[in-house]
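Letters are used for the chains, namely A, B, C and D, taken in the order the chains are written, and counting of residues starts over at 1 for each.
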């Protein structure tokens, strides 16, 4: 194992897959010399050239269409949309084209592409550069949705996403880019659709995604000091969702807290809650399910408001105590 | 009361509001002479002229942007996007601009617009002309989402939507256009955020939207014949959601079936289920919540497959029997 | 241009196939055998055939909602097309796609598209792949006049231009996007003029003259294949039928339609071939009859094919 | 052009205000007093001031992520701008918007935009409203060279053209969209050339010459106001600073930056005014000092203003 940041883990996955398979290429705004707005692809253009690390004009629909067309041809494009907020411009290509072509063509084509995009708030970039829109993609048949929370997961899931024969939305988090963690020296992949129990516990299950995972783990430590033993489940991929791992935990603990950054109403937590109460796990629930999520507002600029909008460690502790209490 | 179709009810609302308020105007592809793809606005251009019933080029982002800009200026545009599938092209203008401008500007601007768009399958138009994407909009703070199921609701809710000072997504259903029902002679509005109990019952609560409402009501008749008394709640607006009316019903019946046409995973039913199990109503549930929804596939062309994809009356009957039984 | 008999015969035959295919599905719809909707290209056959015939078999096309002509011109199996119309398991898309989504991946037709302008950016990706792989194949992307006002058009043409991609964009200007005439939707005379804004070659031709289309397309194809980059080729033509099945045609006059019918691209081509002595009247009639037989057989094939098994409904979403 | 002293003095003063405002917020950022990111327009002041000064007070503007100049030129209250930077309740957006979303609705600045190209279609709606209400007001919509490759640009310019709307589109071509040079993003020389494709007038000017910008903008404004329809005005200029706070500037050379700095639009204008005897050196220094004072006061105002009350966080989402 070596220590690296989440951004480095993403870069290493890109680099290794580009070496392994020459049909893999990067396409997006400023992914070359600039290295992407967060420096994730920095240096790759020097190694692979401008053809395989392709800067584009500011044309998100064009980028997504180019990636989709290339994928139809058997290439494995990894497209980047600089901020998740701008997937709004590429939705037709993503949802009507990339996601549906295979089905519409009777299963006779494949669209193996990855769309990498950073979501989330916390950088003071306000309402056009901070959204968490994964719930939209979860709702679209034909897409897969991945949201890693650690460098280890980021690398293993990205490699798996690139090798997957379907369009995969790979959501990175800006605040995670600089977080560090161990990553194996040797090649590995994490199958899409496998949740990870980041902490085992008896008293309640906390299902958390992306930036919420480290916050929930920190909260769990505090809770442990207060005699509350939380189990933390990170689905890692929201579509497909590893519901078995979630149900197992719920059946064990009987209490569920779901934490995500995206706006609460219509967020991915709703689907997770609905799956639980549709399943046999419902019969083991000792209390209402609690969702802790972003407030239903656009992301505000002011630092305090921005922080207040999204669940923080202390909010998680408080919610868990109330749920168990 | 007079009898009219759902399409006529929509047209009457448009017409009356255009007469009442000259800041109201229509904008969209083929809304003029053609009358819209489903003839909804037919004839209005003759009455109000080409300025107020404005045909546009095929430019969905442009339409949405034009409507948003006009709304910022105090006009009350009613934009049409010909099929809900093409809102994908207008998402930036809708989600980043229309929905957020007010908040981003510190509450100092208003965006009073309505986006009318027909959703739903059942016409053999396949995967690019049949989607039900309302869950996306439910997830966006700043938007309201309305889904009428009867001519009465369509008219009253559309008038309220036009008079609302916020961007409202008004989702019509292609298969409902020709359905008939009573509509008052005199002016009326239905406040956004008020559910309607379409049928009272004791044994289970069925929450249904849009095209599912008539199907659920038909199923309820069959169920009644089999000794099962279903209460049918139509939220009518998904955002804001009248959760009180839903909770009250759930507390009474203890059993919940949620029916919608949109793909199940990440659909609006997830949010409704989550709200129920987060609330006190959870404590009254006698069984897991059941969601009956579109399969997680793009809409297929073949008639039988298309029908099979979406809950039909017999599916609702079967699901209700199983839930109660 | 000295007319090559073999090419002309193939072109004329394809035009008949397209015409009769569409008249037939129109009729099947009227008789309730095909459901949904469809967009007929009757009157536009020269544009489809003239441009696709400039391609090699290994080249690719991307088509539109009004795509039967492109599909047939590219060499599709009519049986599989017809079966798709009837929603049968034997159809190109196993009955999942219908008229608006027919793709013939093996035949290198990467599909029609239900989204106006939706295929235009896809052609960038296809062209990019062909270029990155250093093949000498090219891609031809079709769209209508209406689609030229979509943002996707703009982004894609610019990308194709700056990267000098092997793409030929064919804009079939049939004067209307649904009810919106080009006069109302554009303030310019020729859509091909927009090519200038991308540093791309733009050409406008009489889209009812199959040979004029063919020649212009051949030049564009050469340019693309030889590394000269993309072209925007505008074929000015007209659709005889309503936009789709919901059209009341209130936005145009009978006179206008009749005037264009007098410039029937098939009749024009047939007459020219007769005049120049390339074929005889009897031969022409033979090609037309042969096309009729092909279509009639396809109807039989489609009718006798099985419906998709409902239990397979979840198939094909993911690879 | 005979220079009008009063106008020139106002323009020069505004340019100083913009320059010093941006230098100041840059410094506040470095000292951790402003967070997030910001896009400075230092070096582009002539483009903002020259074009906005061609407007009347009743006219509207729509701005961009690089919008401080437009905002100040349109007459914004610097105190409220500065307070917005510091995220204060007294800011234009009550601290909710920050640099990228400043709007001054009363001053008829309908806002900056965090989405590249996002404001271009809004201008269509504003122009349409002005026309439908038969006012003689107009709207000026700003965007960068990079934005001209967004689909939204294409759809909007076409709509503005076909409906002959009272819009002036100003493309501030500062040679780069982030790291992407116009050389790589376009295959044409002048972005204004794209106007032809919409049947619109297109004009390119030296964006560092405030008077040249002003004159061209005044013509475009007249055209819009008198029913002559929209114009695409391209101002060729350069940004001195990095794209935003994350920029390492690996994509351009120091030499290039230095060359453009020698064409500092403020220095050029000041020198011209001195040469032509419109103002004295001392007067110019006075304007600069006055601008400094205004900005310094704004910093004080902002610093002493209250933070938003967290309990009001849900306000302003719905009307």
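We adopt the following convention: a residue touches a chain if its C-beta (ideal position, glycine included) is under 8 Å from a C-beta of that chain, and two chains touch if they have at least 3 such contacts.
Fair warning: this is a prediction, and the values are worked out from it, not measured in the lab.
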What is the touch distance from subunit C to subunit D, in steps?
1
In contact with subunit B as well as subunit C, sorted by label, we have A, D
Taking each chain's centre as the mean of its CA atoms, the one lying farthest from the centre of subunit B is chain D
Take the average of all CA coordinates in subunit A, do the same for subunit B, and state the distance between these two points in whole angstrom.
30
From the C-alpha centre of subunit A to that of subunit C, how far is it in Å?
40
Between subunit A and subunit D, what distance separates the C-alpha centroids? Give it in angstrom.
36
Can you list the residues of subunit D that touch 2 or more other chains?
93, 95-97, 101, 113-115, 118, 149-152, 155, 158, 162, 184-186, 317
Would you pick out the residues of subunit A that each touch at least 2 other chains?
56-57, 59, 61-62, 85-86, 89, 92, 96, 103-104, 126-128, 141-142, 296-298, 300
Could you tell me which shape the graph of touching chains takes: line, ring, star, complete or other?
complete
If we count contacts the way the header does, which residues on subunit B are in touch with subunit C in the complex?
29-30, 32-35, 37-39, 55-62, 85-86, 89, 123-129, 295-298, 300-305, 308-309
Subunit C residues touching subunit A in their complex are 62, 91-97, 101, 103, 105, 110-111, 113-115, 118, 120-130, 132, 151-152, 155-156, 158-159, 162, 315-319
Can you list the subunit B residues touching subunit D in their complex?
25, 51-52, 56-57, 59, 61-62, 64-75, 77, 92-93, 96-97, 101-112, 141-142, 144, 165-166
Could you please specify the touching residues of subunit C with respect to subunit D in the complex?
149-155, 158, 161-162, 184-188, 193-194, 196-200
Would you pull the subunit D residues touching subunit A in the complex into a rising list?
35-37, 84, 87-88, 93, 95-98, 100-101, 113-118, 146-147, 149-152, 177-180, 184-186, 246-248, 250-251, 307-308, 310, 313-314, 317
